[in-house]
Structures are given as structure tokens and as C-alpha cells.
Amino acid sequence: MSQKENRDLGLGVKSGPVAARGLNKDGSFNVERTGISRFSTSEVYHSLISMSWGKFGALLLTFYVADNIIFAFLYMMAGPENFTGVGGQTWFEQFLDMFFFSSQTVTTLGYGRTAPVGTLASTIAAIESMIGLLGFALVTGLLYARVSRPDAKILFSKNGVIAPYRDGKAFMFRMVNKRSNQLIEVEAEVVVSMTDKKSGNRIFEAMPLERSKINFFPMNWTVVHPIDEKSPLWGITKEELANSDIEFIILLKGFDDTFSQTIYSRTSYFREEILWGKKFTGMLSVGANGKRVMDISKLDDMEEAPLPEEKREAKNMEHA
Amino acid sequence: MSQKENRDLGLGVKSGPVAARGLNKDGSFNVERTGISRFSTSEVYHSLISMSWGKFGALLLTFYVADNIIFAFLYMMAGPENFTGVGGQTWFEQFLDMFFFSSQTVTTLGYGRTAPVGTLASTIAAIESMIGLLGFALVTGLLYARVSRPDAKILFSKNGVIAPYRDGKAFMFRMVNKRSNQLIEVEAEVVVSMTDKKSGNRIFEAMPLERSKINFFPMNWTVVHPIDEKSPLWGITKEELANSDIEFIILLKGFDDTFSQTIYSRTSYFREEILWGKKFTGMLSVGANGKRVMDISKLDDMEEAPLPEEKREAKNMEHA
Amino acid sequence: MSQKENRDLGLGVKSGPVAARGLNKDGSFNVERTGISRFSTSEVYHSLISMSWGKFGALLLTFYVADNIIFAFLYMMAGPENFTGVGGQTWFEQFLDMFFFSSQTVTTLGYGRTAPVGTLASTIAAIESMIGLLGFALVTGLLYARVSRPDAKILFSKNGVIAPYRDGKAFMFRMVNKRSNQLIEVEAEVVVSMTDKKSGNRIFEAMPLERSKINFFPMNWTVVHPIDEKSPLWGITKEELANSDIEFIILLKGFDDTFSQTIYSRTSYFREEILWGKKFTGMLSVGANGKRVMDISKLDDMEEAPLPEEKREAKNMEHA
Amino acid sequence: MSQKENRDLGLGVKSGPVAARGLNKDGSFNVERTGISRFSTSEVYHSLISMSWGKFGALLLTFYVADNIIFAFLYMMAGPENFTGVGGQTWFEQFLDMFFFSSQTVTTLGYGRTAPVGTLASTIAAIESMIGLLGFALVTGLLYARVSRPDAKILFSKNGVIAPYRDGKAFMFRMVNKRSNQLIEVEAEVVVSMTDKKSGNRIFEAMPLERSKINFFPMNWTVVHPIDEKSPLWGITKEELANSDIEFIILLKGFDDTFSQTIYSRTSYFREEILWGKKFTGMLSVGANGKRVMDISKLDDMEEAPLPEEKREAKNMEHA
């Protein structure tokens, strides 16, 4: 796979200059898909396993109650006289009895104080008990999927910075693994996307990194792209950056040793999210016992870091 | 792995000129396997997880009813007098009672209004309840497998086209991800398969692509094979193509970020599915908010695109 | 990874000349492990998911019956008078009642005709019902693991052959995918293992193959190692082979598209399994509809194929 | 990925000379993470599937008893008079009845001897039965995850050794697969980490190995790093090693053929764990039947092995 082939990420070169970013901060794509029903088993499944626990619990409760109401009506149609132990006098009291009978049936609890007698009533109960078992079988799978899927979460620094680096400067951002899952063989790729002045097409360029892979990720990792002659950003000024539609697209890949799965993470830094003349301050310290200590809350900590502008001016001159 | 080794895809060189295509449109192989029982756990499993939901539900219902009928007979043999609460007078009424008792047993519902008394009756019920639990345990696994397996679906354009490209022409087809699953690091490989005039063997040649990999696949991807000197199709005419047994075999590989699994997709374009002098029209537009919009229903949209035939003639001359 | 590094497969060079083969026909290793308890969760799990269905069913039934017998005794100790609906007079009759009560409890069936009254009896029942649920929860997982694990089965020809090839000869064996699972990107590696005359050590040499990878595996694949100057077998005679301790170790790797998993298969051909001067006959034919037909039962079919011995003699001369 | 990039493993170069090792013997990292709530679904899940079986069982029992106590209280509040078959006279007797009723409800056992009558009582029971089903659904998933996760366990020799090798010496350690899971394509990487005298930074250097990959791992594997001119350890003395903060970091990667998953293992040898002038003694023998026999209990067996010090002295001279 040559570098050249790699450049278009699949975000489309023809889309031309656009106001919006291609990749959202959360890694989702800024693309709208129309002309097709998006419904499919996997859509439903994916939303069921990715929704919040509160929402998931509420959904289950709703289904449970709805099932009991529906079947309570069915049992009322079959006639409460076809059940043992129905004490209710009024329609509503009997409906309640049927409601609870339904709950005892769908959960296969079956106390038996209330039990169907006639064929119709027994048939409906037989159906409900099967639906119940299938439903809870499905929930078993969903619960397993929810708890067992890797949720490795990479925290990226809110901003990228243009910081002094060696005798020049570099684009840097910082990240940390929020979870204590062990991530192994983590690879970073940074691609800059901007509109080509001439063609008006969107161009994508891979940005060479000081280091693009680490074996472990127990601490923070500051990814560094030196802005030298080979860099697509060479000679850019603060103003040019601010007025451009430059977007830095970040691709991260690693192996989650806890869940034995390859995980991917994406984010992007859009023009206004890149701070000029700042640098990140340390997150690491050495504890009394010589053990390294990392304070994750310091991820976004940075300080002023004046850039060697004059030197850059000079360089630009001879460059021109 | 050298290119040369790659060429035979495993579809057999010796099979000689055949009327039928090697790979069907849906990616299945046009091969019949005989001389072996195809039955195996994985065959059954695979058909159970890949059949439609309707069929799967019908199958479960069938098993449920069949189980209840069988055990109802067994209970009748054991004698209805060995059960409490059997109200039925006629054989059929008693059979129904037993049928419902069976349903209450296999689902472990166990109201208890009807309950076994004798040893034989109790033994059969003990067996049925275990069968029930095992059966529903199996169904739990199947349901999980059905919902959790990746069903990423790549839509390929119905036809491939020979379209103008640069100052020559190219073979192109287009695809889109039907699901909203994120596909990452998608690689395409196109192999042309035709009968060699001399040897009469089937030959396979990898076709170089303008781009063979994209990082993301949120939009459509038009795969392009330029028909230049290096192409196995160099200098072919519309008539030659139509009369050949040329088959374009498409191999797609990607990583499904939603299900954390590598997925493969295959298809092929057989002679009559390749349109001459057409090109695909755009599926992308930019919404008011600057957001890209892709209309998937436009996948097969194309328009006339006259090819630089005279230029090709000329080239062929000096080529001859 | 250099070829050289690859050569020792991890079967030990120091083990010296041994009567037995290193790898058994079924791909298991001919190594005995001592000095450690081999018991572990994964050992038990693995045997539970790989044992035959019959054995697995028998095991479940045994556990079920054993549980009921044990708890029946416990209930008898708690005293049958502490249960409702115990009709039995003799100890054994009561034991039977308790046995069936246990089965109704462990499956959470709970008819309730027999139900615990006293504290002790209720406590034991509460424990059994929990054990039952956990047990069937475990069985659910095991059943899922049993049906969902890939069982792709590669059939290797019973024998390898030394067959005529081009103007010389080659070592060949043949294989086919027994299942209809789609195997993709199948790679073969053949390593010859023999005792080095000088050092007395076991040496391993990778044998170059005519083709070592295929994209699909819908048909049979005959793997060919040409015996030319570069081959470790160059100039070997039928007698030398028969008297050697040569073992051909076959490593196969592929991706199971049905189960989305990478699968490995291994086998080996030991001296007496290599036939001299034979060749495989075709398994493929073209059906009336032009569809390829493969008869798997013909996997081991071969015919006499005289080798160009005289030519070999000649070659050896100039080689000496 | 160039060697240079590979060197920093992600353990931090800036942390400077530290008393403690970077990687613990069990492969965990010697890093403390602060400034963030470490709670997350995956944390809880991971601890639930990795805790001991005893602890897991105790946890389940605790939940079961706690649930029954809580609901027993709720039922008492609803009033025992709203239940059938409550025989208890005193508050405590009735509480016990409710406790057991709760256990029969949460397991969906439902004998029915005790059953709710009023609306409130029935509602609480309906809720508990649902909680019970969901709880056991969750446990089903956890049990499956516990038994099905690969627990391939690599045993590393307690010590690394500096042993004679060819005409010089080498760093060696030995390992064996504790499980009988088949591990395939096992790769080892050894990195030495020490403090750079000048910069005071921690430096990481990959150590070239005599062999870094084996295809199978049925026996023991002694990993060998020859200490020659190219080695970062070239010319080091026993004293220098003892006084340094040198740490050998071992990375192992393989494919578990039993669980069809890639597994990783890590360990490290810190200065005092490296023995000077020892070598490992054999673990392999050949049984009567010619079968190889490996005694895993011999993993740490070693013997004195005087090093060619004088030769080294000489070498150092000309080296200086």
C-alpha cells in the first residue's frame, strides 16, 4: 500500500471546499446518508448495545409492562371465569388479576394460584410463556453483548498545539487511555485535509510523525509532527491557519489486551481547535516508592511557549 | 506472496472454457460439491443463524408445538388419572389438558393446577422440563449469534462500465456500504478471469487499480482500473468483450468497527454486465449546512460517455 | 522473519533421532507433558466443548440425576413431613416424591403440589433452585460455545506422492475443505524434518512451493513442491526415503468467512505415507450446465506415474 | 515501523532514573493512574470475569441472600396477610416465610403454596421476578465469559542467565506454555531498558535474538540474545550489571489455536533476577516409545557454567 494510495481517506476529494469538518470530534463522520432504509437487525442490535444503561433498563421495563397489559386484555377476552383464583369483582379488579397472572406467566414464575382452565385461556398462556422465554433469551444475549464489548476509551486533548520543537516547531496533541484496559501495539496516523487552491479539490496528506507506534499505552502519549521542509504545513502562519479550512484527522489503532480485540479510535482537530505557541505540561511524576504516577486530569494542561518566529521568517526568506 | 502466486484464486485453471461464471453475483461459488455428507454441526448452526427471522420463528413454534404433542401422548400413555386437576372427560379433552400441562412443563412455568402424581408421570415430566431448559438454552445462544453477527452489506453497482478516463479509458464499478456500520481500512482487489486462447486454460490476472485501499468507507467508492499498456484488457474492443468469457472477480476486505471483526465481500461482473461507453453520475451533494449528503438510491445512476475510440485505433496501430 | 529463523518449528532440534513422528496425522503433537497439573478452567472448558454430542448429553443427564438423588437425600433428612403433598408411605416412596420435588426445584418448574414448609426444607430448596439456575446458565454458555465454534475441517489426502512434474519430479499432496464454510486466503507451508547425518540433530527445512496461497478454497488444492536443485530432497532415492526418518510437516492457515475467524490446520506425512511414482487423478468435472462439479470422495484417487529415473541418474552424475 | 520507532515502548523516556522497575513480573505496569474515576462497565466486567471462582461464587450467594432479605422486608411492608399460605405467627416466622417466598420468586420457581393476593404484593412480586430473570441473564453471560476466555499461561523462568554461548556469552531465559492450549506462531521481543549516563533519560534498545519466532510451542523455548559487538550489553561486567538499573522487558505474542484468539504475555527481568555464569539444563527426554517427554517442573533447573572471562578481557582491550 503506497503512501500515495493512502492519502484519500475515503472522505471524497470531489466534495470541494465545505464549511463543515469531515470528521466530528467524537470520530463519527459528517456525512448524511439518504435514499435507503437504514433499518436492519444490526442497526437495532447496535443501538441496543450502545444505548445508556438507564435507557436500556427503561426499555426493558416498558416491554415488560406493555406485554402484561396486552395479554391481560387477551385474557379478559378469553373470560376471567376460565381462570382459577380470580378474586376480583369489578372489571378493573379482574383486569389487575389478569395483569399479574400475565407477569407470572411471561416470567415462567407460575405460582398457580391463578391458572388457566379453558382451552382458549390455556392456549394464550402457552403462547405468552414461550414469548417470555424467547424474550428473556434475547435479553440474555444483549446483556452479555453490552458488558463484554470493549469500551476502550481514548481521551484526546481538547486542543492540538503548534509548539516549539528542536530549533523549529511542531504540531502536537496528547492522548491517554481512560480505561485501565491494556492497549498494546498502538499506532497513530495523522492526516491533514485542506482545500487545494488550484483544483479546488479537497486534498489529504499524511503527516510524518516523530513516532507513530508504541508497544504499550499505560501512560500519556504526545504525538508529534515536526513542521519541517517535508511537512505540508511548512511555512504556514498563524493567520493562514486560522483562515484555512485545515482539518487534522487522527486515526488510532491498537489491540485491547483485556478484551482480546483490535480497537480503533478517531478524532479530528479543526482550525479553531489548534492553539498557536502553547505546549503541554507534564502529567507524570515519580512517587515516593519510585513508582510512576500519572494524573489524567492534567491531560489538557498547557502553558505559553513562544515560537522561534524570527528564525522562521529567515527560513521562509531563503525558502522563497 | 508474489503477484504471480496470487493469480489463480483457487477457482481452478484446468476447468477449461465454461459457459457459466466462476463466482455468482452474490459472492457464492459456482461449484457443486458431491461425494460427501454435507451435514455437520456447523452446517446446521450456520443455516439456523442465517435463515430469515420469519423462518426462524416458524421453526421455533413448530418445535414447541411438536414437543407438546409428543409429550401429551406420552402423558396420556402414563394415564391422565396420574395427574391432579385433569378436568377433561373425553379422550380429546384429556389430551388437551395434557398438551397444556406439557407446555407448562417445557417452559418450566409449572402452575401446578395440573401436576404429576405417579412415578412414571413424574419421570416423564422431569425429563421434559430438562429438555425444555436445554432447548431454550440452545435458543438463547442462537438468538445471540443471530443478532450479534456482523451483517455488513456492501452494495455493488449492478453493472461495471468501460468509461473514458484521462486520455484513455478504464473499467469502473461503484459500491457503497448499505449499513451504517463503520467499515475501516477497506481493500479492493480486482482479478480478470478469461480463457487463454493457446492453452485453453483459464487464466487469472490481477488488475492494477488507481486506488486499492481507503481508510474509511462512509461514502461511495468508485474503483478504477485504467486500461493502459499494462492492463490485460489493453486494446480490447466492445465486440471482443461481448464474445469473450471474461469475468471480473471483485474481492473486498475491511474491518467492521461496529462488530470488531474483519469482513469479506465478493462479487463478479460477467461479460454482459459490463456496459461500454457509460460513466457513473455523482451520489454526493453538499447540504445547506455544508454537510456532505450521499443518496444511496443513486448507486446505479449512469450516463452516456463516448470513448476516445479513434485515439484507441491509432494506439492499436502503432501497438501492432 | 527470515526463512532461517522459521525453520525450527519449535519441535526441538536437540531431541535427536527418534523413532516416532513429531506431529501426528491429526495435527496433535507427539509430546508428553509431565511435572505439572494439567487441570485448569480452560482444560475443562475445552474438553466440554470438544467432546461428542452424545458424551455431552450423557454428562448433562448424569449431573441432573445425581443432583436430584443428592438433594432427595437432603430433603429426606429435613423430613418429608415438612413438605406438602407427599403421598408416599414407605421410605422409598417418600424418597421418590423428594426426588421428583428436587427435579421440579432445580429446573425452577415448581408445580407446588409438593412444596417445602419448614425453614430447613425451604432453605435447602432455595439453595437448590439457585444451583439449578447457575447450572443451566453454565450449560447455556457451553451449548453456545459448542455450536458457534468454527469446525472447519480440512481433509488431507491419506498419502503424499512423489510424482512426475515438468521434466523432473515433485512432492505433492492434496486437500479439500470438508465443510461448506468459505475459507479465504488459505496459505500452506511445508517443512521437511529429518536427522542431520553429521550433528545428529533434527533439522527443519522449509520446502519452496509452486504456489503457497490461494484466495478461495471451494475446490481441491494440490500442493506441489518441485524437487529441483534447491530442494532438500534433491537426488534422494526411493530407498533413501524409505530408510530415513523424514517427516513432511504441513501447516495450513486460512480465514473462515462463515465464522469470521482465522483457522489453522496441521498434519504430517511420515516416510511410509509417501508413495513413489504415483499421481493424483482429477476430482473436478464440468456439469451439463457448465457448472464445476467436485467429487470429494475422489480425494485419495491416484494412478501409477513412472518417474524419469534415468534422467535423474544422469543429473546426479553431473551433480556429483 | 523502523527499529528506532520501536524502541520507546511507551513507558516514558522522561521519567528518568527510578528505583522501581517499569514492568512487574506478572506483566502489569508499575504505573499509578490518578485524577479519574476508574469505574466503568468494562472495569466491573473485567474484575467479575477475572476474579477467582470462589470469590465469584461468594459474590453471587451474597447477592442472592441480599435480594431475598430486601424483598422479604418489602413483602412484610405490603403485609403478610396479602399472601396465601403464610403459616408464621411471630413477625420473624412471617419474615422467614416472606424470605423463602422471595427466593421462590426471584428464581421464578413459584411453587405457589405462598402466593401474593393484593395488588401491592403482586406488583412487588412482578418486579422481583423480572429482576431475577435479568440478574440470572447477566450471570449467564458472565459465566460464559469466565469459561470461554483464553487463559493461556506462559511460565517464564524465575531468572534470566548470562550463559556461555559459542565462543562468547549470551543472555538467556526460558519459557513454557503451562496450558495444553496449542499456541501457534509465537513471537518474542526483548527490549533492554536502562538509564543513559549522559542525558539521564531512560533509553530502550531492542535486543537481537538468535530466533524470535517459532511456529509451534508444545515444548520449552529458550530465548537467546547473543552478547556480541551489536549488543547493548557488549562488554558489561557482572558488577556493572548488578549496580545498574537495567531491566529486560519481554514481549510475547502468539495465536491460541484452542480459543482462536491472539494472546499476549509480558514479563521483565530486573537486575537482581539475572544470574551470572549459569545455564539451563534440559527439560526434554525421549521416552521408550520414542515419544518426546517434557518435564515442566524442570523449568528453573540450571547449573554452573563458567564464562570465558579472559577472552572477554582480551576482546575489551582491542575494543578500547
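A, B, C and D label the chains in the order they appear, each numbered from 1.
As a convention for this text, a residue touches a chain if its C-beta (ideal position, glycine included) is under 8 Å from a C-beta of that chain, and two chains touch if they have at least 3 such contacts.
These numbers come from a predicted model, not from an experiment.
Taken together, subunit C and subunit D share the touching chains A, B. Remark: rotation between subunit A and subunit D after Cα superposition is 90° (nearest 5).
Two copies of one chain, subunit A and subunit B, touch each other, and the residues they use overlap weakly: the shared fraction of interface numbers falls below half.
Distance from the subunit B centre to the subunit C centre is 27 Å, each centre being the mean of its Cα atoms.
With centres defined as mean CA coordinates, subunit D is found 39 Å away from subunit B. Shown for subunit A are the residues in touch with two or more other chains, namely 108-112, 140-141, 144, 150. The part of subunit D that touches subunit A in the complex is made up of residues 1, 5-6, 8-12, 14-16, 18-20, 22, 29-36, 38, 40-46, 84, 105, 108-112, 115-117, 119, 122-123, 125-126, 129-130, 132-134, 137-138, 140-142, 144-145, 149-150, 191, 251, 261-264. Contact residues of subunit A toward subunit C in the complex are 108, 110-112, 140. Those residues of subunit A that touch subunit D in the complex are listed here as 53, 60-61, 64, 68, 87, 96, 100, 103-104, 107-113, 136, 139-141, 143-144, 146-148, 150-153, 178-182, 184, 186, 211-219, 221, 255, 257-260, 282, 284, 286-287, 289-298.
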